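Look for chain A in each of the two complexes below; its partner is chain B in the first and chain C in the second.
The block that comes next holds the complex of A and B.
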């Protein structure tokens, strides 16, 4: 009996312990903080109930961050998914050139997001290579990619899309490898053209790939922090590119309002959890078994 | 099996704890006996060698002190990093150039007594609830205006502007010549957007009322008041007249400085630390410097004194921590190094900078010395760190407000209202 218990504990306990310590406990502690006015530099802590949550939904800065995060998330979920599928279809063929191109598309994924941010902030600078090229082409006033508050968010989203594209390509390529050749041939014999074969055979069988890409992109985009911090610091101006994750850290560590920042983090967690669960449910319905 | 389980748990615990340790660079411990931890930060000017040599000079004099050097992950984030260390129970014993606000009120810092501050030129700088927590080690004038003498001459600007009207006239001539009058920045380094605003508020408001920010803390004045809005309007007008390139608000500090050194603009409002690079990088033109102009030409020089070390009140070896901090800050070689590497003005009684400093540093230092003689120094808006400073988290809001005025995204009234709203939230 005891050897079996020890056997179970030695394999099960470490994982459970790590999950409890590093996932559950921080969530519970954050939730508790969100019900307080916790400011480490202004003790004591007082219980304030749901006040932080009520304030949050009257806070223009938070609502702007919610809007910014939503726009960013929609772009980052749709664009790499669509482009990734297109690129995967083009690269789904044998030969050294295609193998090399797959590596090229995947390279940005393994780069640090901070490094990517620094490189792109130089490229998109008003005096950077892109605008210099546009001026060379005769564009007198090229866009302020990062300095125009109306454009900066879309530039930022494009950078995230650029880095995530390779991930989508690889997942779709893996999905395409799993499409049985005999189904495609049968469809072709039945008179289906390339578009019809894609719609009737390939696309339904890529449903699991779509699910993986969508969920990963959704979660990654919603918690975007590093690109914002390095490239725009939330600007230009107040809140032009400030995401919820960015505001959580600024409120918690710069303004010291840990309680209020925790309420933001909990709301963010709930939104991500609910949206992910709904999207997962909807996408999994499309998945078909062979 | 029991041993396996115990071993597994021990390994996991060790790995977990190792992951929670503070970064201490290789070979970062020197000296012997009473150990203290010392939080530093690195910049292109303040390299690992700079810090190691500075620590060694102190431990050579005080061999009983053993120093464990810590390095903040980023230079700008050193105060936030200190907050994280405090909350994880790893608050360093000694920290340099970390803002004391917040830590002091929470009782985490040692309050220096007058006898310990006797060698400092401004021992009563930056009081927090009547006590002094940060060694007032150096002064920084923020912002004098550095200028490109060749571009001034090419545009027919003769003499250095002393009044606001003279500054506008110079900017107009430069613009007419196709030169960008002011070089500013922003992006991840928001302070580079608000330098001019800091100068205007300091000279216009603080010049008349040195206690303006203290009164803001007491709600006796507001950002929406007419005088503050007038300062915001002066700043916004510079952008509206095309004297500031709106596209520059996304350019980080390093690129901004390089833009000025490359001759892409005529005037560069920046802290006096720029003098170190101005002298060492030797651009293709001569650089001059003048005080931030005032409305009527009256001498008012915004500056910040502080930037020194703070010591944890709960340091295990408090005596050694205090001794190290004072010895570090008063070491003549260290002071000379800080002048040459970072263009600082040491605020130590009887100190004179080395004779071999560059011309830009000398010119800026002379402006500051003259202002001290005339008792014309005021605090710099946005850069204060004590009871008369912005509330925690507000500096970023000021930078954002400046960017909104530069890009024209918000009106002056909207920006003033934004600052008051954020102020109320920051309380």
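The block that comes next holds the complex of A and C.
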């Protein structure tokens, strides 16, 4: 009933146009930059082919960033998912106490990552509340949570986990609401204990929640930037917490190696696209219809 | 054994709450005491920190607040209009080409902003929009339109097309049909889009940092970031600034808590 061309031009085109201008075209431009030695302060631009990509995979700094990003992503995908499920099972009861606690867990989700970063960098400071508390407990040399290169990445990952936990809790709680009571009762009558009931009934039915949490955590962990910028600025030491997302902007804007930074960005895009597609496929295969 | 679950829940919740507690008590504590005793209750409480942030000579808080409100409100309004219309087109036209278009838009949900920020800054510079609020709004609209479309398309599929046909027979124009009849039915979707995009854009850090640049004003988040350097010695003001920056979003969340959860739930059950 809608004339097709008119419908597209008046309803579809404005949104598509702005998406093309601000997302698709920049990706194409980025790819073009990545094949050049573009540096705004060092013209002229010349075409260098795949050289930036070859350099990238011999660049120790980039390989470190790849490792840092992978560790961070694995921790941030697994921990809030697991703890979130635990907390959701704990809070899956009616009553004011559980309602209030749900709000407590969700609050960090709506905080700005800058605010979260500042709070935690105070908390984890060498002379901050956490170490003061540890010394009070009798620990003589509490770790430098953010100043020790071996520990800083794990501290950073914990901070991201803290902020994302509430998201997982709410999604799992919603999933738990969708588990039919009759199924659980039927399983109980058949003699299944709480663990068996969880494994055989609840967990398979939570598959869509697991999918959502995993994909959201994956995408947001992979582009971790704000926490690194605010808390450690890539340090301590030689890029102990510098993620790829952080290095792309540091190389492109601070060091002005735009061509090289663009190659990094394109590699980053490919990794996130492939990993997300594979994970999504695998997880959706688990989902069952009731 | 009925006390086991509530006590475990309470202990876990309390541990989780510690960082938030630190902000709450330190906002109302004298600056000097924050470093020496960060965890104690503020006795006697003081409003000095809040007042000093609100009355800074350079108006950092007020300027940032205004910028954040302008950017968030404009971006969200434009996003709702554009993605509802695009969603309508995609939901009502079933062709191979619309299916491809939907996939291309969905792919946008996972594109990290870092991948496009370098060329974006060149594009905006050429258009004369770099370091302007308009530039940031345009970028937000382009970057978040996939999310809006994702929410609206699914919802519009559930609105019977017969409703639109009947209105056309009664002589309504096509945009009247959409804005007067379909759009009011999309309220839950509009609420989800408004809530999520509102919070994301308000809390966004990297895009205003790059697009607004160092000289041209700050939003709430980049304002806090720039002030940590200046405030090194004055922790009380940092905490007060963070609390004030969070207040609007917190009020927004508390007012729309049910819709917030419903938005997440809708996604979780539909998969």
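A few points about this structure:
By definition in this document, the second predicted complex is superposed on the first by the 283 of 290 C-alpha atoms of A that agree within 3 Å, B and C clash if a C-alpha of one lies under 4 Å from a C-alpha of the other, contacts with A are read in each partner's own complex, and residues count from 1 in each chain.
Heads up, the rule we're going with is that contacts are C-beta pairs under 8 Å (C-beta built on N, C-alpha and C of every residue); 3 or more make two chains touch, one makes a residue touch a chain.
What you see is a predicted model, and the numbers here were worked out from it, not measured in a lab.
Legend: residue contacts after superposition of the two complexes on their common chain; A:265 is shown touching chain C, with no touch to chain B.
In the superposition on chain A, A:253 makes contact with both chain B and chain C.
In the overlay built on the shared chain, the residue A:149 is in contact with chain B alone; chain C does not reach it. When both complexes are overlaid on chain A, the residue A:10 reaches chain B and chain C alike. Contacts of A:235 after superposition on the shared chain: chain B is touched, whereas chain C is not. Using the contact criterion defined above for the overlaid structures, shared-chain residue A:42 touches chain B, although it does not reach chain C. Shared-chain residue A:34: touches no atom of chain B or chain C.
More residues of chain A are in touch with C than with the other of chain B and chain C.
Of the two partner chains placed around the shared chain by superposition, neither chain B nor chain C is touched by A:202.
Within the superposed three-chain model, A:214 lies out of touch with both chain B and chain C [touch as defined at top]. Shared interface residues of chain A, touching chain B in one complex and chain C in the other, are 6-7, 10, 14, 18, 21, 122, 229-230, 253.
In the complex of the two chains, the chain B residues touching chain A come out as 1-2, 4-5, 8-9, 12, 16, 80, 83-84, 86-87, 102-103, 105-106, 186-190, 193, 245-252, 255, 259, 264, 391-394, 396-397, 399-401, 403-404, 406-407, 409-410, 418, 421-422, 425-426. Every residue of chain C that touches chain A in the complex is listed here, in rising order: 5-6, 8-10, 12-13, 16-20, 22-23, 38-39, 82-83, 85-86, 88-90, 92-93, 101, 104-105, 107-123, 138-139, 141-143, 145-146, 149, 161, 164-165, 168, 174-175, 178, 199, 202-203, 205-206, 209-210, 220-222, 224-225, 228, 235, 238, 242, 245-246, 249-250, 253, 257, 260-261, 264-265, 267-271. Contacts from chain A toward chain B in the complex involve residues 3, 6-7, 9-10, 13-14, 17-18, 21, 40-43, 59-61, 121-122, 124-127, 144-149, 152, 229-240, 250-251, 253-257.
Across the interface of their complex, chain C is touched by residues 1-2, 4, 6-8, 10-12, 14-16, 18-19, 21-27, 29-30, 33, 87, 90-91, 93, 97-98, 101, 103-108, 110-116, 118-120, 122-123, 128-129, 132-133, 162, 165, 167, 170-171, 174-175, 177-178, 208-209, 211-212, 219, 222-223, 225-226, 229-230, 244-245, 248-249, 252-253, 258, 261-262, 265-266, 268-269, 272-273, 276, 284, 287 of chain A.
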